[in-house]
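You will see chain A twice below: alongside chain B first, and alongside chain C after that.
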Partner chain A sequence: MDPLLIFIQGLNGLQLGVMLFLMAAGLTLVFGVMNLINLAHGSLYMMGAYLAATVQQRTGSFLLAVLLAIPLTTMLGMLVEVTALRRLYKRDHLDQVLATFALILFFNELVRIVWGPQAYFMAVPELFSGYFSILPGVSYPIFRLVIIGVGLAVALLLYLIVSRTRLGMLIRAGATNREMVGALGVNIQLLYTVVFGLGAALAGLAGIMAGPILSVEVGMGESIIILTFVVIVIGGIGSIRGALIASMLVGLADTFGRVLLPPALASMVIYVLMAGVLCWRPQGLFPAYG
Partner chain B sequence: MAKLKFPRLQQLILLSVVVLLAFVPLFGDLFYLRLFTRIMIYAMVALSLDIILGYGGMVSFGHAAFFGLGAYTVGILARFGVASAFLAWPAAILVSVLLAAVIGAVSLRTGGVYFIMITLAFAQMLYYFFFSLDVYGGSDGMPMVARNTFAGLIDINRHTTFYYLVFGIMVLILFVALRLMQSRFGMVIQGIRDNERRMRSLGFATYRYKLVCFIISAAVAGLAGALIANQTLYVSPSFLHWTRSGDILIMVILGGMGSLVGPMLGALCLLLTEEVLSGYTEHWMIVLGPLLIVVVLFARHGIYGLLAGTKQSG
Partner chain C sequence: MLEVREIQTFYGGSQILFGMNFAVHAGEMVSLLGRNGMGKTTTVRSIMGLTPARAGAVYLDGIDITRAPPFRIAQSGVSLAPEDRQVFPTLTVRENLVATAARNHHGAAHDAWTIDRVMELFPILRHRQNHLGSQLSGGEQQMVAIGRALMTNPRLLILDEATEGLAPLVRREIWRCLNCLKESGLSILIIDKSVEVLMRIADRHYIVEKGRVVWSGGSHELAAHPEVLREYLGV
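For the complex of A and B:
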C-alpha cells in the first residue's frame, strides 16, 4: 500500500479519534463521578450541531456559532441534569439506560418539530476552507487539521483541569468516594451539575465540529454514541487516559478497516477489536478502579 | 415437576388476556388481525428478554440481534428456495443459538455496565454487517416472495391461519417458560441474579448457567424473528437496530420484569399506545419519552405490578 495513502488515512483516523475522545471524555467523566450511564450524551452532541447550524445560518459567522452553541449546550445539559438525571444517580443501571433512552426519543422528536425532518448542511468556515499541503503534492483539508488540533488541545486542557485544579481534585475525589467528599463539606450536588455541564460542553463542541464534515440530522447522535461506548468500554469505564488511547485506537482501526476490507467486514472491525480487548482484559485497558 | 403456582388474580389476568386474544379474528377486521399478530410476536420477544433480564438479572441491550438474525435467516433461506417452515424456522433458531453462544461467552465474562454496552455493541455490529451486505439488500432490506410453507398441512398465507399459529406458539412458549422458571434451572438462575457469589460458593457453575439461560432466550427471540419475517414479508436491518433493542427493553420494564406475563402485557400496551398516539400526531415520541421516564422513576413494577399488586424482587 502506498505510504502516502497510509499517512492520509492515518490523519483521517486521528480526526475520528479526536471526535470520539471529546464524546468519550464527557461520558466517562459522568460515569466516573456520578456512576451514571448516559445514553442521551449523543443528543447533546446533536443539539450542539443544530444550535451551531442555526446560528451560522442566521449570522453567517462560524465563530459566533461556536461562541453561542457551546454555552447553550452546556446550559441544556445542566437543565437536563437538574430536572431528570439527578434522580437517577442512586438507581441501578437498567433504570438509567431506560430513562436516558427515553430522553433520546424526546430530543429526536423535539428536533424534528423545531427544525423539521430534513438534514442541515453547515458551511466550512471561510478561514479553514482550503487545503493545506502537508508534504509536496499531498494536500489535506485545513478544517480537519483544525479538528485534530482543537481535540488535542482540549485533551491537554482536560488533563490539566483534572490533575492541577481544585475542580479536578474534586472530580477525582468524587470518583473515588462520593459520600466522603460530601461529608467533607463539598456541595456534591453542585459538583455533579458542573461535571455534567462540562461533559455537555465537550459533546456540544464535538457536534459543532462534526457539523461541517457530516450532515446535521436527527439521529446523528446515535451513530456516534455507540462508537463512544465501544471507546469507553475498551479504555476502561471512568478513565480519561483510557478514553484517549481507546479513541485513537478505535478511530484508526475503523478508518483503516474501511480502506483495506470489504464494507461488510469493515463495519465489524472495531467490534472485533472490542471483543478481543475484553477477552484479554474484561475491565478494559485502564480500569479506573479495582 | 412442581405444579404451577399462581395467585388467583394473576391467573385471572393471564386467562382473560389469552381468551381475548383467541377471539380477535372473529371480528374479522384485517387491520386488527395484522396488528395483533405483530403484538403477539413482539410479546414473545419481550418474554424472551425477560428470561435473562427479569430472572437472570442480565441487562442485555442487544436483544434485537437475535430477533433480526432469525428474520434474516428465514429471508435468506427463502432467497435460496427453502420455503418450508419445517426447515427455515429451526434454522432461524439454530443460527440465533450459535450467535448467542459466541456473544454470551464473551459478554458474560464481564458484568454490570460492561455487559450492557457489550451486548449493545455486538448487536450494532450485526446491524452494520447486514446494513452493508449488498447481496441481501443492504440498507434497503429485501422482500420475501411468500410466507413459509407447511408441506401442505396449513396455509399461513391466510391471515387467520397465521394468527392462530402465532397465537398457539406464543401460548406454548409462555407455558414452557413459566414451567422452566419454576424448575430447578429457573431457581438457580434467580439465585444467581440475587447473589451470584453465594451461588458459586454453593457449587453451581454460575457462568455456565447464565450462558445457557442467555442461549435459551436467544432461541425464543430467533423464532419470533422468523415469525416477523413471515408477518411483514420483508427483512431489513431496522430489525437489528439498537432502538429496536431499546423498544423491547421498554416493553419488559413497562410491563413489569420478572413475571413473563408482564412483559407480554408491556408489548401489548406499548404497541397499542404507539398505534393510538400516532393516530393523533406524528410526533407521538415526544409524549412517549417523558411518559417512559415517569414510569421508570415512579412505577417500578410496571403494569403487571399495578394489576396483580405483586411484590417482585429485582
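For the complex of A and C:
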C-alpha cells in the first residue's frame, strides 16, 4: 500500500479519533463519576451542531456559532441533569437506558419540530477552508487539521483539569466514594451538575466541529454514540486517559478497516477490537477505579 | 455544642437507634463505648446526615441539623474520620488532604489547618505525599483520614474507630495526636475500643447498648464502676 495513502488515512483516523474523544471524555466522566449510562449524550452533540448551524446561517460567522453554541449546549445539558437525570442516579442501569433513550426520542422530535426534517449543511469557515500541503504534492483539508489540533488541545486541558485542579480531585474522589465527599462538605449534587455541564460542552464542541464535515441531521447523535460507548468500554470506564487512547485506537482501526477490508468486514473491525481488548483486559485498558 | 436528643434511626425497616441521647460541649472529648452492632456508627451517620434520624433531633449550637444534607452539616463545622478510614484510593496523600479542604468555619480559636500543620502532626505523611491512598498502610490511612477531616477546619471532630486494626506503635502515635488535638481546644466525639486510654484522655463517656445510652459519666466514675464495663463491654 502506498505510504502516502497510509499517512493520509492516518490523519483521517486521528481526526475521527479526536471527535470520538470529545464525546467519550464527557460520557466516561458521567458514567465513571455518577454511574449513569447516558444514551442521550449524542443528543447534546446533535443540539450543539444544530445550534451552531443556526447561528452560522443567521450571522455568517463560525466563530460566533462556536461562542454561542457551546454555552447553550452546556446550559441545556445542565438543565437536563437538573430536571431529569438527577432522578436516575439511584436507579439501575436498565432504567437509565430506558429513560435516556426516551430523551433521544424527545430531542429528535424537538429538532424535527423546530428545524424540520431536512439536513443542514454548515459551511467550512473561510479562515480554515482550503488545503494545506503537508508534504510536497500532498495536501490535506485545513479544517480537519484544525479539528485534530482542537481535539488534542482539549485533551491536554482536560488532563490538566482532572489531574491538577481541586475540581479534578473532587471528580476522582467522587467516583470512588461520593458519600465521603459529601460528608466532608462538598455539595455533590452541584458537583454532578458541573461535571455534566462539562460533558455537555465537549459533546457540543464535537457537534459543532462535525457540522462542516458531516451533515447536520436528526439522528446524527445515534451514529456517534455507539462508537463512543465502544471507546469508553475499551478505554476503561471513568478514565480520561483511557478515553484518549481508545478513541485514537478506534478512530484508526475504523478508518483503516474501511480502506483495507471489504465493507462487510470493515464495519465489524471496531467490535472485534473491543472484544479482543475485553478478553485481554475485562476492565478496559485503563481501569480508572479498582 | 452538639446535642443528640432522643433520635430514632432506621436502615430500611429495621430500627437501629431507640432514642439516643447525649451531648458534647465545647472543648470536650466525649466517647461512645459499647459492643459492635449497638448503634455507635449509626449514631455518627445520623449526626452527619448520612442516615438521617426519623424521630428526635440533632442540634449543633442550638440549630436543628437533623435533616440537613451532609455537606451542610460538614460546612457548619462537623468533620468525620469514618470507620474503615475511607481514604480516597485514587488520590495522592496530598490530594486527599487538599480536595475537600475548607476554611469557611467560624469560631476556630486556633489558626487554620494547612498541609504543613497536618504534616507536623503526622511526620510520616511528609514522605508519603505523592503516594496514592491505596498504597498506604492502615496507620497511614488513618492519619490521612484524620488530617483530611482537620483540613476542613472543624469545630467538632468525630472519630469512628480511629485505632481499630492498627499496630500498637501506630496506635500510640494516633493517641498522642488526638491528645494534642484535645489540648488545642477542639471538641471531639470518639468511638473506640481502647477503654483504658479513653479513660485517661476523654472527659466523659456514654455507654451504648441496643440503640440507646445505658450509662454515662466521667472517667473517675467509670473507673469506680468496673461492673459497668464488665456488663456492657465485656472487659
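As a working rule, the second predicted complex is superposed on the first by the 290 of 290 C-alpha atoms of A that agree within 3 Å, B and C clash if a C-alpha of one lies under 4 Å from a C-alpha of the other, contacts with A are read in each partner's own complex, and residues count from 1 in each chain.
By our rule, a contact is a pair of C-beta atoms (placed from the backbone, for glycine too) under 8 Å apart; a residue touches a chain by one contact, two chains touch by 3 or more.
Owing to the predicted nature of the structure, the values given are computational and were not obtained by experimental measurement.
A.B. asks: Will chain C clash with chain B on chain A after the two structures are superposed, or do they fit?
C.D. replies: The answer is fit.
A.B. asks: What is the contact status of A:V97 with respect to chain B (first) and chain C (second): first, second, both, or neither?
C.D. replies: A:V97: touches chain B, not chain C.
A.B. asks: Which partner chains sit in contact with A:A173 here, chain B, chain C, both or neither? Use first/second/both/neither.
C.D. replies: Touch status of A:A173: second partner only.
A.B. asks: Taking the superposition on A as described, I'd like to know which of chain B and chain C A:I188 touches: first, second, both or neither.
C.D. replies: In the superposed model, A:I188 contacts chain C only, not chain B.
A.B. asks: What angle, in steps of 10 degrees, lies at chain A between chain B and chain C when each chain is taken as its C-alpha centre?
C.D. replies: 90
A.B. asks: After superposing the two complexes on chain A, what is the shortest C-alpha distance between chain B and chain C, in Å?
C.D. replies: Checking C-alpha atoms only, chain B sits 16 Å from chain C at its nearest point.
A.B. asks: Name the residues of chain A shared by its contacts with chain B and its contacts with chain C.
C.D. replies: none
A.B. asks: Across the complex, what residues on chain C touch chain A?
C.D. replies: Residue positions touching the partner: 48, 50, 69-71, 74-75, 79-80, 82, 86, 88-91, 95-96, 98-100, 102, 134, 148-149, 152.
A.B. asks: Which residues of chain A touch chain B once you look at their complex with the stated criterion?
C.D. replies: Per the touch definition, chain A meets chain B at residues 31, 37, 84, 87-88, 93-95, 97-99, 101-106, 108-110, 112-113, 222, 226, 229-230, 232-233, 237, 263-264, 266-268, 271-272, 274-275, 278-279, 282-284.
A.B. asks: Which stretch or stretches of chain A touch chain C in the complex?
C.D. replies: Result: residues 166, 169-170, 172-173, 175-177, 179-188, 288-290 of chain A touch chain C.
A.B. asks: Would you mind writing out the residues of chain B in touch with chain A in their complex?
C.D. replies: 53, 59, 61, 106, 109-110, 112-114, 116-118, 120-122, 124-125, 128-129, 131-134, 242-243, 246, 249-250, 253, 283, 285-286, 288-293, 296-297
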